[in-house]
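Naming follows writing order (A, B and C), and every chain is counted from residue 1.
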Amino acid sequence: MADDRTTIERPDQEVAGGHTTRREILKKAGAGTLLIVYGGAVTKTSAAGVPQFRGRELAGTLRIIQWSHFVPAYDKWFDNVYVKRWGQANDTEVIVDHINQADIPARAAAEVAAQSGHDIFFFLSPPAAYEDQVIDHANIVEEISKKRGKMKPVALKATYNAKTKKYFAFSDNYAPDPVNYRTDLWGEAGLKPTTWDNVLKAAPKLRAMGHPIGVGMSNEIDSNMALMAMMMCFGSFIQNKEQRVVLNSKETVAVLKFARELFRQGMSNEIFAWTAASNNQAMLAGKLSMTMNAISITRSAELSNPDLASKIDLMPIPKGPHGRFGLEHVMGAYVIWKFAKNKAAAQKFLVDLETKYIGAFENSKFYNFPSWPSAVPNITRRVERDPVAKPAGKYKVLAEIADKYTLNPGWPGNTNAAIDEIFNKFMIPQMFAEVAQGKRSPEEAAKVYDRSFRGIFQKWRNLGKI
Amino acid sequence: MPLTRRSKLVTYLVVGPFAIVLAFPFYWMLQTSLKTELDLYNTENVPFGFANGSPTLDNYRFLFSDTQYAHWLLNTVLVGLAVVVITLVIALPAGYALARLSGRWGQSLGVGLFLVYLVPPTLLFLPLSRVIAELGLQDRLASLIVVYPGFTIPFATWLLMGFFKSIPRELEDAALVDGASRLGTLVRIVFPISVPGILTVIIFTFSLCVNEFVYAIAFITASDSKVISTGIYTELIRGDVFYWGALMAATLIPSIPLALLYNTFLDRFIAGFTGGAFR
Amino acid sequence: MEAAAMPRRRRRDLLEERRFLAPALIAPAVVFVGLLVGAPLALSVYLSLTNATAGSLTGDFVGLDNFSHLWSDPNFRTALRNTVVFTLLANAIVVVGAAILSHFLVRDFRGKWFLRFLILLPWAAPVALSTIGFLWIFDSLFSVVNWTLVHLSLVDKFNPPQWLGEPNKALAAITTVHAWRLLPFATVIMIAGLASIPKEVDDAAKVDGATGLRKLWFVTLPLQLPIATIAVLFGIVFTATDMAVVYILTRGGPFNSTQMLPMWAFQTGIQAGSLGPGAAIALFLLPVLAVVTVLMLLFARRVEVT
């Protein structure tokens, strides 16, 4: 991430898409004397980026914004290698800006309000609420499908609105969400986290050893994902295929009871305090015996504590009474705004990115799984041969998880604006935490949250989005 | 007035603990910023000590060589200074006019301006975002320079109004009699006496600018135009991985010189406030 | 000014004219603030009356529906209650702390400069960053507070207090951070208040034999009151409209028990895309705060004048 002046070229004088110089803009701002000071500073820093296209006419400018990837090397590759090459081949100046993942919604809202900003905007979850503001991404999907076959159902259901028949986003990747568990500790307990039953059985022993289970019930993304997946394993769903709320069920009561038991017997109060980083840190500190997260934990451990890394193994989500159902951990979702200035280049960029996804797959250290499986040949063999994995072949299971146990939030229905709202207001962790702490009975919680989810669904139904 | 030994002791016993509590987080940032990740994530280690390769300056090195931290600092200072200038240019005449030239409605207007602080920035950034785009300032530092005075001018005007009221009218009248114009009097007589008030405005304005972050997130994503709050969030919190050591270093670095600066000018700041807020 | 085209003579006369000069000097401030705060505020009010979604600045008019629906949302009620609690508690701590601290900081003693520097630090640190420091201090596993308590044998090593994971403790933690960051500024303002007490009052008090606590209670505190009002005013504004502290520490958790209005407005209006309801939440306290502010400002000035 050495130099994230992520432009192929950002000429000193040109503002993307306009013909105003920075100096003029500052004059407009009336910054007066400060202009001179600032002008100097700009010249100095801009000199660092030498334009590669000097003397050539650029066909256009493409502006992309995406999160700062948890693997810094991915950003380096994307900004400095991939985008550069693509820009040269397509005679386009590509500017990539990065933003903290948590700041994405604020910036997206600001761009929509301004009706101006980047051509391609990256979300980390399906942005159903923005449907009216984006183009239909069907062309991109079609184009890629011509070359790479079928899109993965998880990506399809997360980005397609069945009611309006519109692709409100384009998913290039998703991250599978495996169980991370400590082989040494579970070995001592004499069990494996293959079923939720086993987890509950092992939990008291593991906690007594000082290594509790860590399934979060806090206002953060990992808790959201783990709990929603656990619900599905018990046959509890927020909505059905027809996008009607079906939360109030005996299965929901069962999963809430189970989670309460798991908390009482095998977890500690920490799970209510967590940020998205907490389960990573608790695993890295060697405290937790099990948690659910994408591969950021093992990847960090490989860098800072290889010994510990070799004791953490990955598995598919434990099986519940209803079966084994997992969720994606994050869903990469690009949108092209209706007000984007360079829609053509934007579409081509996304098609090209997905069609040859190997670079992205490898540079993300297998974090980004392609939404078109055949966009990366031999996925299983590639993950199996991960050079740093200890024990060797550790990441092979990711391919299996991606294939069989990765669904979209809101499954069996499509991900929609109501699911998104429930997700962003952390209402699932709230429901679980209230039951775990004894604030509500499982029965009452199922009823209360069913009612409030219906309200949210009704609101979006009235807006014609469900 | 020299203090007796007893009251000296009492002073230390009261001020000391306050200082310790208030400054502790900064000591803690320093401690954390000098640690390796391995040391940090080892619960067996004594957090007040060092182990596993600590202490190290790696986090600081990382900030300055692998991120554009220095650049973000500079941007923050530039925005702060530019906003200070704009604020003074607009608030000085307004404060004077409200103090001297207008009657009761001036008072009400002063209070009215103050209400600006109540408007929550949580959503206000949306309409403003439109304004910024219309002006062609998206992703430019200038966007912040234009927006911030919206909430620095009111306080500045209000404070300066009070300050000008405290200046004896006779001084001005004498100059006016000598044939100076009102504006001339303002520039040559009134403003120089008002230095403490102006200083108060400068410090207050600057600290508001450094603290703001909602607009900074919404308006600027280009890495070389970011200010510290937003730049650090982008580079040092990656998904679910926090770079704690570097985060702490990044907080510590601007805080210390700013606190030194505030402390140096504190007596004048206080004088400015005394003059301004209560006349 | 913009009257540059006018003949010199006339321009000067106009500028001497009070009726003209005052508005001319005030206008830029009013225009600036009106455009940058007034207009967007008006638009926010409009949005709160619509069903606008996800960043869109238009929507269908729904009247006061967004406001009336708020009441049926328990999370909103929690947020409202917490906003009031945070604000009152933090400011109570700040006022008492600042009153004590300012009383001693007007004295002269060795090492004062350094102690004052330490005390000013929280004011100098950008809040979005210093709160990250607290996130680390209150961490669920690496909390230095818990480490200390464990080693003093005050808490259980295996289930230490979760400062951000239990409703009451999380409320306390958030209040602490607010108080911590507001205390330096309030202290400075209070020192200004002490400095504004005329020397004669001090002398008169001495003649009357008022010393120590009696003097503090009957002479100093009443005179400090107006300036304390200003400190509280800023304190209220900075707590009630701030989102950073809660956003970074708990995001409203555990189970949305530390929600507060700006945060809930942001989650509803920006993150969840229900802009209309979000705007209603954001604006909910505005009238109350406005009344409080006007009263306090009038009080501060009135006390001074008489």
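Here is the rule we go by: a residue touches a chain if its C-beta (ideal position, glycine included) is under 8 Å from a C-beta of that chain, and two chains touch if they have at least 3 such contacts.
Remember, predicted model here, so these are calculated numbers, not experimental data.
*Asks:* Which label fits the chain touch graph of this model best, line, ring, star, complete or other?
*Replies:* Here the contact pattern is complete, since every chain touches every other one.
*Asks:* Between chain pairs A-C and B-C, which one is joined by a greater number of C-beta pairs in contact?
*Replies:* The comparison resolves to B-C.
*Asks:* Hey, how far is the Cα centre of chain A from the one of chain C, in Å?
*Replies:* 35
*Asks:* Determine the centre-to-centre distance between chain B and chain C, using the mean Cα coordinates as centres, and give it in whole Å.
*Replies:* Centres of chain B and chain C (C-alpha means) sit 14 Å apart.
*Asks:* Counting only residues that touch at least 2 other chains, which ones in chain B make the list?
*Replies:* 41, 43, 126-127, 130, 146, 214, 233, in rising order.
*Asks:* Pull out every residue in chain C that's touching 2 or more other chains.
*Replies:* Those would be 55, 57, 141-142, 266, 269-270, 275.
*Asks:* Chain A: which residues touch two or more other chains?
*Replies:* In chain A, the residues touching two or more other chains are 106, 109-111, 113, 275, 281, 285, 287.
*Asks:* Going by the contact rule at the top, pick out the chain A residues touching chain C in the complex.
*Replies:* 105-106, 108-113, 127-130, 132-133, 210, 217-220, 268-275, 278, 281-282, 285, 287, 417, 420-421, 424-426, 429-431, 433-434, 437, 439, 452, 459, 462-463
*Asks:* Enumerate the contact residues on chain C facing chain B in the complex.
*Replies:* 12, 15-16, 18, 21-26, 28-30, 32-33, 35-37, 39-41, 43-44, 47, 55, 57, 97, 100-101, 104-105, 107-109, 113, 115-130, 132-134, 136-137, 141-142, 144, 147, 180, 183-184, 188-189, 191-193, 195-196, 226-227, 230, 234, 237, 240-241, 243-244, 261-262, 265-266, 269-270, 275, 278-279, 282-283, 286, 289-290, 293-294, 297-298, 300-301, 304
*Asks:* Tell me, which parts of chain B touch chain A in their complex?
*Replies:* Result: residues 37-38, 41-43, 65-68, 71, 74, 78, 81-82, 85-86, 89, 125-127, 129-130, 132-133, 135-142, 145-146, 214, 217-219, 221-224, 230, 233-235, 237-242 of chain B touch chain A.
*Asks:* In their complex, what parts of chain A are in touch with chain B?
*Replies:* Listed in rising order, the residues are 1-6, 10, 15, 18, 20, 22, 25-26, 28-34, 37-38, 41, 45-46, 65, 67-72, 95, 97-103, 106-107, 109-111, 113-118, 221-222, 275-277, 279-281, 284-287, 293, 296, 300, 304-305, 330.
*Asks:* Name, in rising order, each residue of chain B that touches chain C in their complex.
*Replies:* Going through chain B, the ones touching chain C are 1-3, 7-8, 10-12, 14-16, 18-23, 25-26, 28-29, 32, 40-41, 43, 47-48, 90-91, 93-94, 96-98, 101-102, 106-107, 109, 111, 113-124, 126-128, 130-131, 146-147, 149-151, 153-154, 157, 181-183, 207, 210-211, 213-214, 228-229, 232-233, 244, 247-248, 250-251, 254-256, 258-263, 266, 269-271, 273-274, 277-279.
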